[in-house]
Structure formats: structure tokens, C-alpha cells
Amino acid sequence: MLEHLINGLVLGGTYALVAMGLSLQYGIARIMNLSFGDTIIAACFATYILFSSFGINPIVALAIILPASYIVSLGVYRLMMEPLVKRAPDEGALEVDSILLTFGLLFVIQGCLLVIFGGGYISYSFMNTPVSVLGTLVSGNRLLALVLSLAIGAALVIVLYRTRWGMILRAVALAPKSAPLFGIDTDKAARMAFAIGGTMAATGGVVVSMFQTFTATTGVVFTMKALIVVILGGKGSVPGAIVAGLLLGLVETFVAAYIDPGLTLASVYTVFLLLLLVRPNGLFGKA
Amino acid sequence: MLELNNMLVRYGKHLAVDGVNISVEKGEVVVVLGANGAGKSSILKAIAGMVPVADGTISLDHTPITGMPAHQLTNRGIALVPEGRGIIGRMTVEENLRLGATPARARDYEDDTIAQVYDIFPRLHERKRQFVHTMSGGEQQMVAIGRAMMSKPDFLLLDEPSLGLAPIIVGDMFKALARVRKTGVGLLIVEQNVKISLRHADRGYLLEAGRITGSGTSDELMNDAAVRHAFLGGDI
Amino acid sequence: MSAQLEISNLHKRFGGLVAVKSVSFDLKPGEVVGLLGPNGSGKTTVMNMISGALPCDGGSVRVGGKDVTALKPHKVSKHGVARTFQLVRPLPTLTVGENVLLSVAYSRKPKWGRAAQAIVDEKLEFVGLAGRGDEKVTNLNYIDQKRMEMARALAAEPEILLLDEWLAGLNPSELRIGIDLVQHLQGQGMTILLVEHIMEAVRALCSRCIVMSAGEKIAEGPSAEVLQDPVVIKAYLGDDHA
Amino acid sequence: MKTSIAFALAFTALALLAVAPLILPEYWTGVLLGMTGYVTLATAWALFSGPTRYVSLATVAFFGVGAYTVAVLNEVLPYPLVLLCAAGIGMIMALVVGLSTLRLAGVYFVIFTFGLAELVRQTVSWWEVNVTYTMGRYVFLPFEGHHIYWQLLALAAITFLIAWAIGRSRIGLALKALGDDETVAAHAGIDVTRIKLFLFVVSSTIITLVGAIQAPRWTYIEPSIVFNPTVSFMTLIMALLGGAMRLWGPLVGAVPLFLLFEWLSGRFPDHFSIILGALFILIVFVMPNGVLAKIDDLRKGRQS
Amino acid sequence: AQDREAVTIGYAISKSGPNAGGADMTVTPNYELWIEEVNAAGGLKMPDGTRLPIEAIAYDDRSSTEDVVRAIERLATQDKVDLILPPWGTGFNLAIAPLMAKFGYPHLAGAAVTDKASDFVERWESSFWFMGGSHDYVSAFTEILVAEREAGRINDKISMVSVADGFGIDLVKAARPSFEEAGFDIVYDKTFPPETSDFATIVSEASNSEADTFVAFTYPPHSFGLTKQAKVASFNPEIFYLGVGAGFPVYPNIAGGSVEGVMSLGGIDPNNELNSAYRAKHEEIIGRAPDYWGSVLIYASLQMLEQAIERVGLDKEAITAEISTGTFATVLGEETRLENNQLRAINWVGQWQDGAFVAVSPEGSEGLAAVQLPKPNWD
């Protein structure tokens, strides 16, 4: 029981970690980023190359990959998203545009990865060492994912709900048209939110690459898992993303343990669908 | 002083504001009167940087501010309370107000100003934890004005502030605006409620189809036959 | 004569806030009644409960003797209730004419094709939008959008019309036009519940007024009397209007 | 008058398309087949999702269920009955889904439908693994490419007819209205729930049939093959590209996109993804509101 | 056809989409390697001794069945290629089988595991099946289990997991009766969805089951994930058998080097020089080593095709007949031949021994390494 609880939280930590970035990008920058998972995979590959070809430890690699991904995301936003945001007459139009655009971006990233690395499975071993948590052996790298996601999540929640800067970000998320009247530079806020979201995707990628087998084409899986978590948590709600991520991790683990591993995903989706029916705006979403 | 010089606003081919000259001094209340669609809102939006100015200039204390983005204008001391209020429905009253103090010029006074706003609109104080979108129309209008005051503006632009307010609140609000004005803020008000707005204004402009067709002090306008006919609706 | 609209003990809670507290009143056929009250006193909420937009937490709404309390808006509309909204709500992807046509097509006596078009034209003309049916609604200015909304409500051939601050935002001369329009409807025998903050309009239109404050009915009676009532002055009108 | 000309034109086009496999080489029949499949999917999708703006990613759930029905029943029942069963199952599923999702809006609906498709796939997998003990199923129906193509073409024609009829009826108007503002629509007397449900069922049934008709082409069927989420995405993208609010929009999106995919995957098999993605990005920038809107713009531009 | 200047060979393969990973490991590199080698030698040798270079046409099927079917139609009727090489995967090979038969192309289904090969051979006479069926793999493995039990090294309990797709289910369906008939007790038997990436619970349940034998019919991501989790949880059963992926050259890295004793499908004979030469060549040209199971079989099928052409020319029917009845020298051995259009000279079980994945249960050939059990500790 305790063992499953811990395993579930550890698994959920990964989901939460991956989803928070998307929550920022979608909630604040209002970009429905279908290439989010491919950003994660790109970071996985970067970590793998740094590790296997240059012998750089993935933890150290974070110091290279995070700034790089921030800059790249910023560039992507400036270059591709900003024109769309500028021209969008309403939110619906921006949503459609961003879906189409990031769908294209997804293919570009995936295509580049395929050309450079081929389609094969990549996996390596780092921090795959057992750590005992209350008697349960969990792998170090997965534990790292949980710890990171809780730490980042806590930091984000504090920033968003306790600082003016966070309030500004939320204001942009909630009322982009009105925000300038408050003296808020909406472009800047959206840009930063998008870039931070991208950086968090990269963080997720670095950590995930340590334990998960990936290929150039597995990004979609992450995008979809992240979207599910974001939506279940409630659009734009960071605490929601964390709770939803952990919840799904627990559901998966308990179903695998007590019912049938064959039903893990089915039950994740069932829980997701049922909760949405009860709370049509997600766990933490506002009606 | 806030000064519009031959300002033009266009929506596509449609010319909504056709070369207007308007000026407002600090501590002055100026009202713009005009029929629906005359271009009143467009003027305010253009000053606040919410729509582009097609031609002409806007200057603030003789420095040109034409074409500045809205958030910078707020920091220069221009605050707009737009039609539709421009507040954040899914935040609480207090958050909206505090967020109103985002411009650097307003930060230091945040607590004082908020006390002042609560003093003027006690209802907001009662409801400070309520989400704005669940409030009644009139309550939301109060939040909007309060939020604008939070940015410590030199010039406050109000687009039909009395719209949908109960008479008692309209009265209170204009009294409150009079207090705001006493703090040295210049007010540019667009109103349909001609009687009460002229009563509180120093000067006014008449706008017809995007052009200024008349101007004068409140008393002059109040007694002007054309104004009485068009805006004071004869006998009502 | 029995009441056209009969509201008894209506109740509505939003979380901890009681927005409407056992409010009761009746409208007789052909009456134009003002529903007044300070901002946030629950007027729109009452209208929403009548039209079915919000479920009631208690009490009942009867239209022409039939209980419509638990009905959805589309069912209520079939009992002859139509409304406008406090903030205009045009349907932007439809043209002006289509906005109105919609009501015709789904009214109690639905029509489609030529017959429907005739009604649309008639209603547009009535509100002063003759010949503008093909324009985009978003191109209409504020007052014309309000007119369109009125036409849309009328196109359902209702017996009861709920007008939520339909006259707000009009300048005095426009207001005159608006008042004439409502008076015209009154002349046709329409029963109207009118929420309005413009006293000129209330005085001109309403034979009777109901005043709410903080969710409760605080006064009811002939307009002239109600508007002199010190309680109403204190809660709603303020000394300026006294 | 104009309608009858349009009908004559459409009929001629249909006739030409119908005889095409007799003239064209087999490969082009295959292309037409795939294209007609997507045109039908996109048009059926837009039938519901276009005007209501409920962006559905459940396409593949219905598509896959259609294919699976054929896989399960093709040796038990005569083919027409199999199709009928598929349609029936699709219809019932759409009713259940429709009834349960009516409260959801916007992106919540989008992701819900995606989750739904995944749930269906997981459930079918689990069922096959644990209950029927068969993972892959075989469909040995004596159909060649052009047989399948003709069926799809007929279905496409019917779909267009339905879409056209709905667009002209008061249901079409109601749909647009509730896409704009459900509250207003309800106050105008529209039973919002019923109409949404009706359209969802019609659209989903057609989608189910597309899956059913296409299944015999693959001989072997397993969940990962027929519940491939790409189908949902492609359908959505095609409809949005052409313009989901218009009758011809999905077609105008599906045809060039399909041909483009085909050409790219043949011409640049190793760089397919990159080029496709780049083109997509370009399209978003050049044709913000879909191809038809762009054409409209251009036409207006020339006139003035 | 004497005036021709080249032989066109077409294929459609998953270069993108979920199948790209599998295709990129076992199939595509071998096609590229073979074509490069043949062309480097001047081309395919014809019966008259001339050589014709290969012109390859490759399409991406984007992991979609509809696309692979259309690509075959395109190759056959539009490009009118001389020969078509098959795609990756059981489902895709079945999807194109009717077309290959219809257009008369020999169909050398390489990356496809099916127990129905005998039926398919009758249905599609020009089809050839190179990977055997699940029964073959399972019964070879069962024999090993029985021997181990008799030697007293393992108990009679087995815990077994499988991935819920065609491959995993076929194997597990064959395994259940096979293990049970051999007197084993399957104490844990679960199937998980292919998207699963976390194996903590599965490993912990399996390790609680007291079985000495752990069997996983899985794909590479799962095989890798199970390995990592087993190491973390110190789950070290006497027999640790995994599906696809455990025979990949990268596998030792994933397990942090300690792979000794892990078993899987396939395996090679380290003393087979043809095979060693092939591996060296693969590394040289493709830049990485081939896997120890499918690659060899795919490459062998290409060699058979090459030799058949040398004997009978480019006539498709003649090639089909030759492959069906001829004897060929391949990386599998000097005398490779098909039985009823199926390759049987397959190494059914392999095991990591001293850093190499060696065959411990080949069918009817020598060079058998002995099984070494129990599996030592992970590190």
C-alpha cells in the first residue's frame, strides 16, 4: 500500500513536471502548443548527446540546456507566435492559429530530430540507482523528477499568487485585452511565460531522458499526457496541474497493482473523463 | 496638459474620428458629448493607446505621446476606464485594485490609494474577496473606476461611467470623481447622462460623426439651444 | 383577471451570498412594470430565473397560469416569454436579419422561408432597422444592436417581454425613440417587466414599480408613490432625485 | 436557378469521379480513395464542429469503432448488415458521448474528446486481450481498391447532401447561433442540447462508416492501427485549413493537403516532416482564416 | 529486358510515426546496407553475368496502414518497379500481402512474426515468412525452462507480462499453454498497454510472486524500462527473459553494463564468420551495429533475393519459384533454404554471455552455446 503510494507519487511527479510548463504556455501566453512534447524530446536528445558524446552529466547539462531552451523558446515566440497574437481578432482565432502553427512546428522539430538522430530507440542509464523512501526502493532519477516538480511547482505557486509579477502573469492569462490598461506589458508577459514554459519542458526532458526510452517521434505522447493533466487541473492553474499530475500517477499505480496493468491507461482516461463531467472546468478551474 | 491635435482614427476605411482638437488641464473636468457612434469611445481609446492613431498628435505636458503602447501610457499617467469596464473578472476585487497599481509611478502609494478607493466605494470594501465576474453590473463599474484610480493617473479617461448605475450610485460616483479631481487629476469624460455630467464638468465638447461641432463651458453648453435640443431631449 | 406572470417566493443563492430572498410579485396582462433597485440588488437574477437562464433555489414562476419554474430557457420561451440582455448579446456570425430570423424559426409558431422573412422584415422595420437585415451585426453601433436585440425578442411573438436595462447607454434623444418604441408595444397589449436605472424612462413607461434592495423586495406600488417612498429614496434614488 | 446549376455541376463531377478508377492506374484510385476518405471525414467533422465550434478529437474513436466492427463481424454477417451494425454502434456511442459531454466547453471539450478516443482504444485493446484473446483480426473481404473507393464516394456524396440540406435549414441557423452564444440561442427557443446531440450523432455516424468502409483495405486490424490519433488530427487540420464553417471548406482543405502529403512523402521521404511542418507554418501566416476565406479576400480585392 | 540499365527496387517504410523506432533498428539499415554493397560491387548480377545497379525508391508510410497500402500500389503501378521490399511490422506486412500477390511480386516478409504463416503461404503464394511464429519461440524457450527445472535450478513458478499489441499477445497466447503443459504454474500474468513507461508496480508484483522465472513479451521501450526498474528494485530472478530490445547492441548500456544472463529472442552464433563479417560491414556502413535478431534475418532474405536474381533473372515468377525451392548462402549459413516458404533456420532463444548476445537455441544447426543459468546478480 505505502509502496504503491510512493511509486504513484513518483510517477505523478513526472506528469506534473511535464505539465506545468504547458500550463504556463497555454494559460498565460494562450498558445495551445502542440509541439510541447517535441520540445521535451529535443531536450532528451540534447541531454543524451551531452552525456554520451561529451561525458557531461545530465545534472550539469541542465546548466547548459535550460538557458539555451529559454533563449530558443523566446526566439520561437518572437518569430512565430507574436505575429499571430498581434493579428488575432479574438481568442478563438488565436487558438486555431496556434494549433495549426504548433502542429507545423511539431513536424519541423520531429523532422530535424529524425534527420539528425534517426528514428531509433534511445535510452541510457543515469542515476538509475535505488533510493529507499520509507522502505520502498525507487530509482534516483524518478525521485529527482518528483522533487523537481514539487520544488518548481511550489516556487511557481508562490510567484503566481504572492508576488506582483505573478499577479501580472495571471492578469494576462485572464484578461489579455484589459491588461494593458493596468499598465501591464502583455507582450512581454506572454513572451516570458512562453519561454519559461519552454524551459520547463526542457527541464522535464532532461529528467525524463534519464529513465524513459525515447525516439524522435514520441513527443506526441508527452504533449497529450501534459494536455490531459493541464485540462484536468483546470486551464492555467499551476496547483491544478500538480494535483492532477500526482492524481493520475496514483491512479495508474493503484490500478496496476490492484486491478490490472492492462487497465492503467483506460482508468486514467476514465478518471479524467469522469472528473471533467463532474467539474467541467477542471479540478481547479473556475466556472 | 493633455492635448489632441487634429487626431484621426480609422477602422479600415471607416473614419471614426476626423481631426479633433481637445485639451484637458490637470484638475479640470471635461466632458465629450455625442450621439452613439459619434466616435467618443474611439477618442478615449486612441489617447490610451488601445487603438492606433491614424494621423495627428497627442501630447502630454507638451511631450508627444502619440503611438505609445497602452502600458507605457498608463505609466505616464493616463488611465482609461473603457466601455465594458476592462477589469479582470476572474480575479477578486482586491486583486484588481492592487494590480491597478502596477505602473511604477503608483507603487509607492498603493496602500494609501486603496484606502481612498474603499472610502469612496464602501461596497468594494465589503466585497473585496469576491470574484469580479460574479458582481452586478454597477458593482463592476465601481471596480473599474477604482482600478483606474489605483494607477495614480494625472488624467483619467472615463467612457460612460454612469452606464447601468443606480441613480444613488451615479450621484455618489460623480461626487467621488469631484474628489478625484480635487487631487489634481484631469478628467475626460464621455457621457450620455448629459445633465449630471455637465453639472460636474468645467467644459465640454460636442462631437458629431467624428468631428467637433461645438465647445464651451458647462454653463454655455447647458444653455445652448442646439445642445438642449439634441442632448437634453427637450422636455425630459 | 388572472396574472400573466406570477412570481412567488423566489429564492437564489450564490455560494454564501443570497442574491434573491423570497421575492413575490405579479404582472397583469398588458402591464408595464418597473423592477428597480440598487446595483447588485438581484434584478437581473430575478429575470434570469424567470427566463430559465438560472435555476431557482426556491419559489415558483408561473406564466399564464402554467408553472415554468424548472424549465430550460427554450421551453420558457415557448410559453411566450422573451428577453433582452443587460449587456447586448448579438450573435456575431449571423447577419442582423439572421439574428432575428432565429427567433422566428424557433418560436411557438415556427416559420421558415418566405413567411419567416416577412416577419423578420416587419420586426426590423418596427425597431427602425428597415433594410439593414443583410448587414453584419458587428457593424451596427450600440443603439442599433439594442434595436436588433429588441427585434429578436419580438420576433418570437411573445406575450411577456423582459427588458434588462434596454434603455441604458442611450443619449436623451435616442432615449426618446426607445421610450416611444416601448410605449408602442404597451399599446399593443404586451406585458413588460422593465429593469431600468433611468428614472425619466421609468416615470414615462411604468404604471407600477417594484423595488428591490439586497435581494429583497422593499417596495411595490404605483410608480409615483414608490418613487416618493423614503425607503426607496434612501436605498436607491439618493437625495438628488428626491 | 443557381442551385440547380450547382447540382448539375456536382453531379457531373461525381459521375466523373465515379468512372475515374476505370481509366486511371491503380495507384491513382488509391489516391482518390484516401482523399475521398479524408474529404468525407473532414466534411462530417465540420458538420458538427464547424458551426458549434466544439472542436472534436474523437474522430478516430468512431472511425476505429467502425473498422473494428467490420473486423469482428465480417465473417459472421453479410457485408451490408455489417455496415448497418457499424452505423448503429456509432450512433449509440455518439448518443452516449454526446449526452455526457454537453456541459463541456472550449478546450475542455477538445481534450475530453481526445481522452475519449484513447479510452475507447484502451478498452478495445483490453477487451481483445482479456476477453476474446485475439489481438489482431483479419478482414478478408473480396474488395479491391476501387470497390472501396466507390463506397466512399457514395458516402461522401451523401455527406455533402446532408451538410447542404442542414446548412439551408433552420437547424443550420441554430447551429451557428449556438456556436456564438448558447444562452442567447436557448432564449430564442432553441433546444440547444437536442440540436447539438442530433448533429453530433449524424456526424459521428458518418465517421464510423468511413472507418467501416476503409477497413477491408488493410487486411489486418489491431487497435494501434485503427485508433491512430493522426486520423483525428488530420481531419481537424484539413477542415480548419479549408474553413470549417463552409460547406466546401473541408473539401478545399482536404484535397490539396492530402495531395501535398502524398507528394512530399514520395519526393522527400527523409525530409517529409520538416518540409510539411514548414509549409504548415507558412500556411498559417499566409492564409489565416482558411483557404476559402483567402480566396474570398482575393476576389474582393480584385473587385474593388 | 536486355536493354535495361538498372534494376528498380522500391520499398515503403515507417520513417516517421510510432513505427519508426522499430523500422530504423531492424529493417531500413539493412536495405540501405545491402543496396550500397550491391552497387559497390557493380550491381545485381544477372544470369548472363552482367551487372545492373539498383535504383532504389523509398517512401515513408508514416506508420499508417492506409499509406503503406497506397505506397505499394504506387510502386507497382506508377513506378512499375522491378521488385518491392516489404515494410516493417506484422500488421503492415499483412496489409500489403494481398497487393503483393495481386501484382505478382515476391513478398519476403521479414519483420513479421505470425503463427499463421502456413495459411498465408497458401493464400498468397508468392509470400515468404522469415521470422517464424510465436509457437516456435515459446516452445524453444519452454525446453530450456524444463531442463533448468530438472536440474533443480528453478522452481515451477513463472511470472509473465506482455505488451498489448499483436506481437506481445501472440507470444503470450502461445506461452500459456506451452508453459502449463510443461507443468509450470503461471503465478503472475498481466498485459499492459504499449504506451506504458513506468514499470515499478509490475516489477514489484512480479518479484512478490516467488517465481524464479520472469518472462516479458515486450517491445524495446518496455524491455529497457523493465531492465532499469528491475535493477533499481534489485529484482533478480533466476531467469530474466525479455522481448524485443534486449537483443539490441545498446542494451548493455541501458542496463549499466550488467546484462549477463539476460535472455531474449534471437541471438547469433559468435563463431559464424559470415555473420561476424556482416556485423562488421553493418557497423562500417551504417555507423552502428545491427541487432542480434531481426537484422540478421532481414539481411539473409535480401541475400536470398540477390542470389535468386543471379540464377533466374528479373522475372518475378521465376524469382518466387527460386526462393521457394532454392538453397542459398547467407549470413545464417552456407545452406539456407526455406520450408514451405518459411525460414526455419532461426535462433529462437538468445542470451547475453560475456558481452555478446549468443544463440542458445537454434533450430537444426550447430554452434549452439550452452545456456548459462541462473542469471547472476545485476551488479
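When the chains are written out, they are named A, B, C, D and E in that same order, and each has its own residue count from 1.
FYI, contacts are C-beta pairs under 8 Å (C-beta built on N, C-alpha and C of every residue); 3 or more make two chains touch, one makes a residue touch a chain.
Just so it is clear, the model here is predicted, and its values are computed rather than measured.
So if I look at the partners of chain C and the partners of chain E, which chains show up in both lists?
Touching chain C and chain E alike, sorted by label: D.
Name the chain whose C-alpha centroid is farthest from the C-alpha centroid of chain A.
The most remote chain is C.
What chain lies farthest away from chain B once each centre is taken as the mean of the Cα atoms?
E
Cα centroid separation between chain A and chain C, in whole Å?
For chain A versus chain C, the centre distance works out to 48 Å.
What is the distance in Å between the mean C-alpha positions of chain B and chain C?
That gives a centre separation of 29 Å.
Report the inter-centroid distance (CA atoms only) between chain C and chain D in whole Å.
The separation of the two C-alpha centroids amounts to 43 Å.
Of all the residues in chain C, which ones touch at least 2 other chains?
none
Pull out every residue in chain B that's touching 2 or more other chains.
Residue numbers touching two or more other chains: none in chain B.
Note the residues in chain E that touch 2 or more other chains, in rising order.
15-18, 164, 191, 193
Which chains touch which?
A-B, A-D, A-E, B-C, C-D, D-E
Spell out the part of chain E that touches chain A in their complex, as residue ranges.
Listed in rising order, the residues of chain E that touch chain A are 14-18, 20-21, 23-25, 28, 161, 164, 190-193, 195-198, 200-202, 204-205, 220-221, 224-225, 228-229, 231-234, 245, 248, 250, 253-256.
Could you list, by residue number, the parts of chain C that touch chain D in their complex?
51-53, 72-74, 77-78, 82-83, 85, 89, 91-94, 98, 101-103, 105-108, 110, 112, 152, 156
So in the complex, which bits of chain A are touching chain D?
Chain A residues touching chain D: 26, 32, 80, 83-84, 87, 92-93, 95-97, 99-101, 103-112, 114-115, 220, 224, 227-228, 231, 235, 260, 262-263, 265-266, 269-270, 272-273, 276-277, 280-282, 285.
Tell me, which parts of chain B touch chain C in their complex?
So the residues of chain B touching chain C come out as 33-37, 84, 123, 130, 134-139, 141, 160, 163-172, 192, 194, 230-234, 236.
What residues on chain A touch chain B, complex-wise?
164, 167-168, 170-171, 174-175, 177-186, 286
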